[in-house]
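Two complexes, one shared chain (subunit A), two partners (subunit B, subunit C).
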Partner chain A sequence: MVRGDSNRRWRRIFLILAAIAGAYALLAPLTSLDAAQSANVPLLADRLWFRLATITAMFIVMATAWNIIGGITGYAAFGNVAFFGIGAYTTGMLIAKARWPFLLSLPLAPIVAAAFAALVGLPLLRLRGHYFAVASLGVGVAVGELVQNIDYRGQPVFGGASGLFLPIYAIDNRGLFFFYLMLAAAAASIAVTWLVLRSRFGYGLIAIRENEEAAAVLGVNTTAYKVAAFSLAAALTGLAGGIFSQWNVFINQDNAFPIEYNVQMILMALLGGTGTAFGPAAGAVLLQLLIQFLGGTLPISIDIPFVSTTARPVVAQIILGLLLVAVVIFVPRGIIDFFGGRTRLSLGYLRRSLRETSL
Partner chain B sequence: MSQPAPQLELRSVTKRFGGVAAVDDVSFEVAKGEIIGIIGPNGAGKTTLLNCISGVYGLDAGDIRWGGGSIAGMAPYRIARLGIGRTFQIVRPFGSMTVLENAAIGALFGRDSARLAPKEAFKQAGRVLELVGLAAKASLPVSALTIPDRKRLEVARAVATRPHLLLLDEVMAGLNNVEIDEALDMVRAVHATGVTVLLIEHVMRVIVGVCRRAIVLESGRVLAEGEPEVVLRDERVIQAYLGERYAKRLKS
Partner chain C sequence: MGFGLVWGVLNIVNLAHGALVIIGGYITWQLFSALHIDPFLTLPVDAVALFLLGYTMQRTVINRIIKAPLLFTFLLTFGLNLILVNVLLLIFGSDFRSVTPSYSGQGFEFGKIVIPYVPLISLGVAILLSGALALILNRTRIGLAINAIAADRDAAQLVGIDLRHAYAVTYGLGAACAGVAGGLIALIQAITPTAGEPFTLQAFVVVILGGLGRVSATVVGGLAFGLVEAFGQSIPGSGSVFANAIAFGLMVLVLVTRPQGLLGRLR
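Up next, the complex of A and B:
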């Protein structure tokens, strides 16, 4: 019973911390409003805060979306950044070239991304394991190259190497608006995952992950389910891309198709806990904070001994890499595992995990 | 006595792997409510035949008819939705799930007209676990189950799809005598709920114990068909199992 009590305590601590973090994220931006400033409320959210918080919310969307195909369905997609870029370019092109209003063009980002995922998913999702991972990575890289290099009559269709400039979205408190919009997308992706995990669809996806042949003979339409999961992940990722394009005002191959996002979203999902509704979000927040902390962009910072400030980003990458190796080996089910009330962090847990992960 | 209309009908079913015909011109019928056994030595094509019926393999020739329509070449999930459930010889549980969740997947999917919402599916799964004798272990992870229990779970998952026809692929293999008796009771209990059963077995006792009719396969062909006791005394069958010399010795 002692163990159960301690678990309950941990769980309560976690819930309180999550509630505080959530309330802070929701309310801090309000202090930047003119009304709050004239009432002498301390400013809790400056430009940098908005930048970091919006990017964090963006990664919550991407990690949570990746989890639907990678975590729940068990297909390690390494090219999801393609959907982010497609979403960004869909909204970007509609705004910059067709002069559509932002809020009208945003819904097309998830639709186009999902349609593209269905198209490439049909052949790709026949592959398993490493083959699917490598093929999806190929698609991720190829789409970015295509977008930059497609010409029509000598003119780049999508802005080419010089990128695509969007008109600034005319709205008061832009930073606040885009933060809340991205946060809403993050909440939506978590809610979608939560619903999926409780539906016949979700159980079918888990069955596919655990044993695809067995799922098929029980009546799961495996092809349709896999494509649907891939498209759903693509839609959410594309939504984040669509918001990003108008928020950032400028998109090109480098910021709409960053290859490192592929790895980061997967690592976030792994760190937090794959297959769960809240794990990837927790992982996204933690990893993003860590990246920023090591990079020295957070207000709180430490000096890393023997390292000059210019070398910090490189050292940050190394520390990140080591941490993630440790996570994969010792906490394979992610940190969310400690908050479900069943397990707790102890030497025994790490030892058991090591046994499980080393064959 | 008038014969009931066949539920499942195989017409000259043939499946080749390269030059080898694993199933060669096999024809038989299964009537509604029957328990029929398919036996044969290793490599006779029993599992291949079952894979053909459940849609895991396509056919090279012949036809498989179910309730009057052809199901040859249909995807496995569509065949499952028509009400044909199956187990795998090498059990394929959903490892991360509990015993109850495994059975619930069957209830969530399976036969089209009987699909259940998640809440109902879990209730149905509970009832099926009771039927196969796993109710006490419902909340355990699959990894905690013994081999006989894993085989039970394999059956439970297929039964939970509420099939009209259940194909059992060597669910008794590897079990000891006591476990076989328990498994036989389980098969009888499932059959008593109105399910037609086609079982593949290596163990003769099983076929004699529950089947009224047996089909002997050898090298992909039907060697003999009839009542189990009669079939098992058939000289050709003894030869196929034990070799020509032994058959001759037995005869003299």
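Up next, the complex of A and C:
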């Protein structure tokens, strides 16, 4: 009885925190408008704020999208960054080479990414376990290399190693516009996950995760379901890539296909809690804030003792690595476990998680 | 090879492999530049040091998640990789380091062809190492235990094999192979703490091409990878740019059509 009360309290605290964070994210940018400035509203969002917030929203999209294939369906995709890059290059090429307007070329990013995912997903999703993870990683790396290196008559098709420059999208309050756009994509991806989890489709995917043979026997068309989930994840990731390309104005292999994003989006989903609608988003916000905090780019910052400022990014990475190890060992089901009303954070919980997976 | 061993036996995809390789490289560099020891003589030091490090890592950390879903081993080893690489950065900085003994530019003349010494000896070392690993795995008590675990973990435990110890030894052997490879790589190219990632990716391809868990298969995979990469680099007009894409494309193809590897048998 006492426990139930405590769980409900945690749940309420979580909801209130999420509501405050959401309201802050939604309203703070408005203070940067000229009207607000002339009315002497304090500036809550400068250029740095927009940059960090947009990147955070971008990771919410990627982590939530990964969750659809990795968390709900249980297929450990390790090359999702390929879809981000494909989305970025689809929009980028249409704008830079074909001179399409941004808002017309953006919808094509998810479409192309999803089509590509369906194409590679048909053979790849027949693999299980490690084999699928490694094959998807291979696809991720290969696509990045191909995009950088494909030449046609001696001219790089996709801008080559020097990257692709996009014309700047002329709009008032550019930072504000792209932040809201990315935030909308994040909200859309969470909404899609929420809908999936409550649909026949979602139950099919969970059945595949728990026992694929049994799901097939029950009449789930496993191939179609898996490919659909993979494409859905790809579409959302591609959308984030498309927005990123026009926002950042410049794309190349390094910023459109960064291998470390693969791990970051999975870590975020895992930290928040896989298989849930809101977990990956919470994990993305938390991890992104932590990375920025350790890197010293947040306005609130502390000095790490005994560490010179030059060594700081390196130490930040070490702390991140330690955190990763600790999360994997001690909190394998994600922090959403504590807020979702399923369990409480205690030494006993940590010890139980440790024992469950130890040799 | 070490990567294949760890994967095949322990079912761990070791993303820290590249970092272990680079640590081996730095040990060789440190011994060579500070104490002027011949780089090839430092290889046993690499092997022992990396074995100890690997044993400790497996015993203290990685053993804790053996029964967790596979994704966790990915993330855990990635985290370890992050820690190792950045600790190296703290100690050695990000400068390029290379090991250049007096004979590094010289070669062995064979008619009109000059075969440089360093790659030649490296090849010899690789063959020796493969032989040694095969011997350990097939002739020693702990090697047989490792094979037994690969065949059936629960049965191995039933006949009294100390799983924690055997797992740690396996990972240690894998790390030792990585260390020796790192020592050799330091002779061939300059290294930095962050140079390990390509080696992890290449190890993936090699292991997949050969098939999991057997030394001979991994050697074949390594040769196939070398040939494919050289072939990719020789495509006229493209330079070396497609080598990686071709290697990874081939890997995906092998995975889809022959998931047991070129030589492997279905288990």
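Just so it is clear, the second predicted complex is superposed on the first by the 358 of 359 C-alpha atoms of A that agree within 3 Å, B and C clash if a C-alpha of one lies under 4 Å from a C-alpha of the other, contacts with A are read in each partner's own complex, and residues count from 1 in each chain.
Following the convention adopted for this analysis, a contact is a pair of C-beta atoms (placed from the backbone, for glycine too) under 8 Å apart; a residue touches a chain by one contact, two chains touch by 3 or more.
Remember, it's a predicted structure, so these values are computed and weren't measured experimentally.
A.B. asks: Determine, under the contact definition given at the top, whether A:Ile318 touches first (subunit B), second (subunit C), both, or neither.
C.D. replies: second
A.B. asks: Quick one: is A:Tyr131 in contact with subunit B, with subunit C, with both, or with neither? Answer first, second, both or neither.
C.D. replies: After superposition on chain A, A:Tyr131 lies in contact with subunit C alone.
A.B. asks: On subunit A, which partner's contacts cover more residues, subunit B's or subunit C's?
C.D. replies: So, of the two partners, C touches more residues of subunit A.
A.B. asks: Based on the superposed arrangement, let me know which partner A:Arg200 touches: subunit B (first), subunit C (second), both, or neither?
C.D. replies: First partner only, subunit B.
A.B. asks: Kindly classify A:Ala76 by the partners it touches after superposition: subunit B alone (first), subunit C alone (second), both, or neither?
C.D. replies: second
A.B. asks: Looking at A:Val139 after the superposition, I want to know if it touches subunit B, subunit C, both of them or none. Which is it: first, second, both, neither?
C.D. replies: The second partner, subunit C, only.
A.B. asks: Touching A:Pro258, do we find subunit B (first), subunit C (second), both, or neither?
C.D. replies: neither
A.B. asks: What residues on subunit A does subunit C touch that subunit B touches too?
C.D. replies: None.
A.B. asks: Residue numbers of subunit B touching subunit A in their complex, please.
C.D. replies: Subunit B residues touching subunit A: 54-56, 75-77, 79-81, 85-86, 88, 92-97, 101, 104-106, 108-112, 115, 117-118, 121, 157-158, 161.
A.B. asks: Provide the residue numbers of subunit A that touch subunit B in the complex, in ascending order.
C.D. replies: 198-200, 203-204, 206-207, 209-211, 213-222, 275
A.B. asks: Can you list the subunit C residues touching subunit A in their complex?
C.D. replies: Touch residues, subunit C against subunit A: 7, 11, 13, 61, 63-72, 74-76, 78-83, 85-87, 89-90, 163-164, 167, 197, 201, 204-205, 208, 238, 241-242, 244-245, 248-249, 251-252, 255-256, 259.
A.B. asks: Contact residues on subunit A for subunit C in the complex?
C.D. replies: Residues in contact with subunit C: 70, 76, 78, 123-124, 126-127, 129-131, 133-135, 137-139, 141-142, 145-146, 148-149, 151, 259, 263, 266-267, 270, 311, 314-315, 317-318, 320-325, 327-329, 332, 354, 356-359.
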